[in-house]
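Below are two complexes that have chain A in common, paired first with chain B and then with chain C.
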Partner chain A sequence: MAKTFILDGKTIPFEEGETIMEAAAAAGVYIPHLCHHPEFKPHGSCKLCTVSIGGRLGAACTNKAAEGMKVESETEALNGDRRALVQMLFVEGNHVCPSCEKSGNCQLQAAAYHLGMLTPHFTHFYPARDVDASHPDVLLERNRCILCELCVRASRDVDGKHVFGIGGRGIRARLIVNAASGRLADTSLSVTDRAAEVCPTGAIVRKRHGFTIPIGKRLYDHHDIAEAPVAGMERPGRD
Partner chain B sequence: MPEQDVCDLPGIVARWQHDPANLVQILREVQESCGTIPSDALDRLAQLLGVPRVRIESTASFYAFFHAESHGAYEILFSDNIVDRMAGKEALKQYFCERLWLEPRKLSEDGLVYVDDTADIGLADQAPALLVNGYAIPSLDKARLDLVAELIRARKPLADWPPMLFEIPDNVRKPGPLMGEAFAPGAALKATLARGADATLAELDAANLRGRGGAGFKTATKWASCRKAEGEAHYVVCNADEGEPGTFKDRVLLASHADLVFEGMTVCARAIGARRGFLYLRGEYRNLHEKLKSVLAARREQGLLGRNILGEDGFDFDIEIHLGAGAYICGEESALIESLEGKPGKPRNRPPFPDRRGYRDQPTVVNNVETFACAAKIAEKGGAWFAALGTPQSAGTKLVSVSGDCKRPGVYEYPFGASVRQILIDCGAEDAHAVQVSGPSGTCISFREFDRRIAFEDLATAGAFMVFSRERDMFEVARNFTHFFAHESCGFCTPCRVGTSLLKNTMDKLAAGKGSAYDMHEMKHIMHILRSMAHCGLGHTAANPVVQTMEKFPDAYERRLKRLDFEPAFDLDGALQTARLITGRDDAWAHLANE
Partner chain C sequence: MTEPKKLKVATCSLAGCFGCHMSLLDIDEKLFELVKVVEFDRSPITDIKHCGPCDIGIVEGGVCNAENVHVLKEFRKNCRVLVATGACAITGGIPAWRNNVDLWDCFQEVYHYGIGLENGQIPNDPELPLPFDKVHPIGEVVRVDHFLPGCPPPADAIWKFLTDLAAGREPKLEYEMLHYD
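== the complex of A and B ==
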């Protein structure tokens, strides 16, 4: 008999060592997230996946499932707090969806739709952030970066290149690249790298491919992010 | 001292065993010997250490004391705790800048001197205070600043400055068993060896010692669990990153009772089977570094550190000192370990806790300076003696760092259970109106609550005790603390990275007279997000000062509100400033009419 825990009243099977997020995804249950990606080491920074674990709050992506544990995720209170986090991410950067080529395939935008965000709510920071168009095939648009570190993890753990990192701290934290010049062109990044396509927002995008799929025909134009958590990926099923 | 030597990078890297885990120490030495960490040094370090440049840059750009641009031959950082401000820091800083024809945060034109603020430097009992090239000068007044300005103008090397400028009295006002009794180095270790590791843990358990860093976790449980945990090596780490504004008791323990602290660490090493220990000393306590190294050397001489300690075959243990570099978050134990490993101080995902996976992912005990001092005392005198002090849930004594509006600021040692009122009487705070217990992340109590007690079951504290008299503006106290948290947030998690800055901006909006009731409501909302979703204690507590002062001193806020409903943060006229600069206009028509 597989071990199980309860998520919003539903029994979820899990294997020893699996996180709440992994077990929920395998059972087809969506828990909102941005910094989590099933192929990469859990990070736990965006905090969107915060759930109540037996009354204590914790990130579903970093907390391990345990037998008989009672987890709440789809509550009005938690979704309201998640909405506030997405709003914080929006005001922290400069996110202009109507002019962004990632619109419709952007997980930040999709999470905002899913959580019913209607306004940014908080006062905008309007930070001055660098755009790096030096690389022949990849654009680095820091205005859209949400510091999820997926590119950092992909480059380090999959590509073995260490192209990206986080510099600074607090509200001044920023995406940095592995070059003395600070330019993406001077790194070893290749357009075929995992790091070049893992960005959940439009911060790292392939050049000359922005509108191959027209706006209106993109993933989240037709699907809620809960049905299609990662663009281009089938949900991993389990029998 | 501040000569701009050519940086001997290979020498520094070799001194730290070419180990990237020592990166913070390497960068610190580069910064100290070169005055900056230039971009090409990052490339050179990447080569020498065999790690990607981006990793070096990540660490170098995280810590406040590292910078790529020159801060001149003399870098002056004024401590900016609210207690420094109450003691006249702002006016003195302005006076100093005028004397040297300087603007803060701008290198002087001759490239000689740079002035800025820094978070509390652990001298709240001798406020205002500053750091010059990392070395503390307390008790500032105009005369002392005149002298500093003269020395800088004469370009006198720091090593030749009058020593009296750097003298820092302990200010122990009320000694107890920890600070008042003589301790013979080796006494606790001899007792430990005679008793054995199991019995030592049993004594610690009987003593009911709880961690002095504020959280109050039972020390015997932590040590026992670490001892049981499997690993290639076990480590002992002493958390001397005393960064909570208003706290300075560890400064005094390390300055005058270092043997007690190191002995506690060695007792721990015996109990858990560790061969290596670290003292993580906050960068602001740079002035204690040489002295602490000499205490360690003396202990090696006496057979209290090193191989076969006290002749016990196979009892090998030694302690290294690592210095911090201006990051409050490194007081969080897992962030501290990240820093020891050469990385930015960002708290880890927990569990696992350090007792199972700490330094280099091995079982590690991390305890506060005071906790190790208590452990040494318990090893020497037994658990029952200690348990008899204090209250049933909070055994022993507590060192309290008293500062602010009182006649006798300094360190006071009380058995747990002492009332706030008693402390206020002892320190001569006749007009006390409020006390910030345990610093910005702690509890603000008003005059109505002075019968509350220092104890884990009532007012848990890491030791800070800042007193505010009737004429102090509690709004400004809270605003100073929100600036502190926004500056110190590591930036890892969304709620704290953004929330602490939103709080800071909202408090500034209120201070500028543009606040409304809506902003008060918003701050409560942000507090809720921080408490429920932040990654670590910094975020969980960052809104406490605002929420508590709002509750206890509502007048301080209400008289600042412009309207009761809503007032925009956006300044329409201010937005025209760039256009005015471009057109060179500043006449009435270039401004929107103010209501």
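== the complex of A and C ==
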């Protein structure tokens, strides 16, 4: 008899050591998330997957499932907090969907659609952020970066290259690259690297592939991220 | 039998491209149904220059100059319900890309150094509205009642939104009508 816990009244089986997120995904239940990716170590930083675990709040991607625990995720309060988190991400960067080639395949946008965000609500920062177009095949567009560190993890854990890192603190935190010049072209990044295609937003994109699938015909133009295969953990944007 | 009172609607485009207005016109033959229940006050469609008391104000575009503020405040004062329509009204949108460029540098680039320009001059006619150094979403200047995202919002979304408002319902968009692009 498999061990189980309760998520929003539904019995979810889990294997010993699995996180709430992993068990929920395996059972086909979507918990909103941005920095989580099933192939990488949990990061627990975006806080979108915050759930109530027996009355205490915790990240579903870092908390392990336990026998009989009661978890709430789809509550008005938690989704309200998630919407506010996404709104803060929108105003903290320069996320201009109309001019972004990732629009329609972007998980930040999709999470906002899922949560019914009609306005970013908070006062925009309009921060000055650098674009690095030096690499022949990959564009680094920091205006769209949400600091999820998926590229950092992919480059370090899969590609074995340590191309990306986060530098600075607070509002000055930014994605930096491992080259004395600070230019992406001077790193060992290759377009075939996992790090070059794992970005959930349009911060790291392949050049010359932005509009292979036209705007309006992309994944999240028609599908709620909650319905996407394996609870939104496929790889949208591989066009 | 008396005709039901028509809703008064005013529309304007501030720092926008009139794309949202084009999308409004794109409801095609539903325009005939619309004018049965709606009467346009100030709008590029009527060319009326100032709005009187209205039920619904549709504002396209963000705020990039002094005139935008005057128009926006006139709308807020006169419209019972104000709808921020499209990406620019809601977030500043594409015009807000200049928020990280010094205004003077921006003018120099546009009027002096742009490709193909010769002997360019920066316009300084006193009738031209004073530009702001930054572009703002309208919600940073006045209270906004509803937000209708999209670049532009799809014609069907505008139709759904207006008919919901006209019927006294809280406007609600289906998943495929909610777009930021």
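Just so we're on the same page, the second predicted complex is superposed on the first by the 228 of 239 C-alpha atoms of A that agree within 3 Å, B and C clash if a C-alpha of one lies under 4 Å from a C-alpha of the other, contacts with A are read in each partner's own complex, and residues count from 1 in each chain.
Here is the rule we use: contacts are C-beta pairs under 8 Å (C-beta built on N, C-alpha and C of every residue); 3 or more make two chains touch, one makes a residue touch a chain.
Fair warning: this is a prediction, and the values are worked out from it, not measured in the lab.
*Asks:* Would you check which partner chain A:123 touches, where first means chain B only, second means chain C only, and both and neither mean what they say?
*Replies:* both
*Asks:* For A:96, using the defined touch cut-off, is the partner it touches chain B, chain C, both, or neither? Pick first, second, both or neither.
*Replies:* In the superposition, A:96 touches chain C alone.
*Asks:* Between chain B and chain C, whom does A:224 touch in the aligned arrangement: first, second, both, or neither?
*Replies:* second
*Asks:* Under the stated touch criterion, which partner chain does A:215 make contact with: chain B (first), chain C (second), both, or neither?
*Replies:* So A:215 only meets chain C here.
*Asks:* Per the contact definition in the header, classify A:104: touching chain B only (first), chain C only (second), both, or neither.
*Replies:* A:104 contacts chain C only, not chain B.
*Asks:* Could you look at A:57 and tell me whether it touches chain B, chain C, both or neither (first, second, both, neither)?
*Replies:* first
*Asks:* Just checking: does A:4 make contact with chain B only, chain C only, both, or neither of them? Give me first, second, both or neither.
*Replies:* In the superposition, A:4 contacts neither chain B nor chain C.
*Asks:* Of the two partners chain B and chain C, indicate the one touching more residues belonging to chain A.
*Replies:* Between chain B and chain C, the winner on chain A residue contacts is B.
*Asks:* Of the partners chain B and chain C, which touch A:113 in the superposed model: first, second, both, neither?
*Replies:* In the superposed model, A:113 contacts chain C only, not chain B.
*Asks:* So chain A touches chain B in one structure and chain C in the other; where do those two contact lists coincide?
*Replies:* 123
*Asks:* Under the stated contact criterion, what part of chain A meets chain B in this complex?
*Replies:* 42, 44-48, 50, 57, 59, 62, 81, 84-85, 88-89, 91-92, 122-123, 125, 146-147, 162-173, 176-180
*Asks:* Which chain A residues qualify as touching chain C in the complex?
*Replies:* Answer in residue numbers: 90, 94, 96-100, 103-104, 109, 112-113, 116, 118-121, 123-124, 126-128, 215, 221-222, 224.
*Asks:* Please give the residue numbers of chain B that touch chain A in the complex, ascending.
*Replies:* 39-40, 42-43, 52-55, 57-58, 61-62, 327, 344, 349, 486-495, 497-502, 505, 525, 528-529, 532-535, 569-570
*Asks:* Considering the complex alone, what residue numbers of chain C touch chain A?
*Replies:* 84, 87, 90-94, 96-97, 99-100, 134, 137, 139-140, 144, 146-149, 151, 175-176, 178-181
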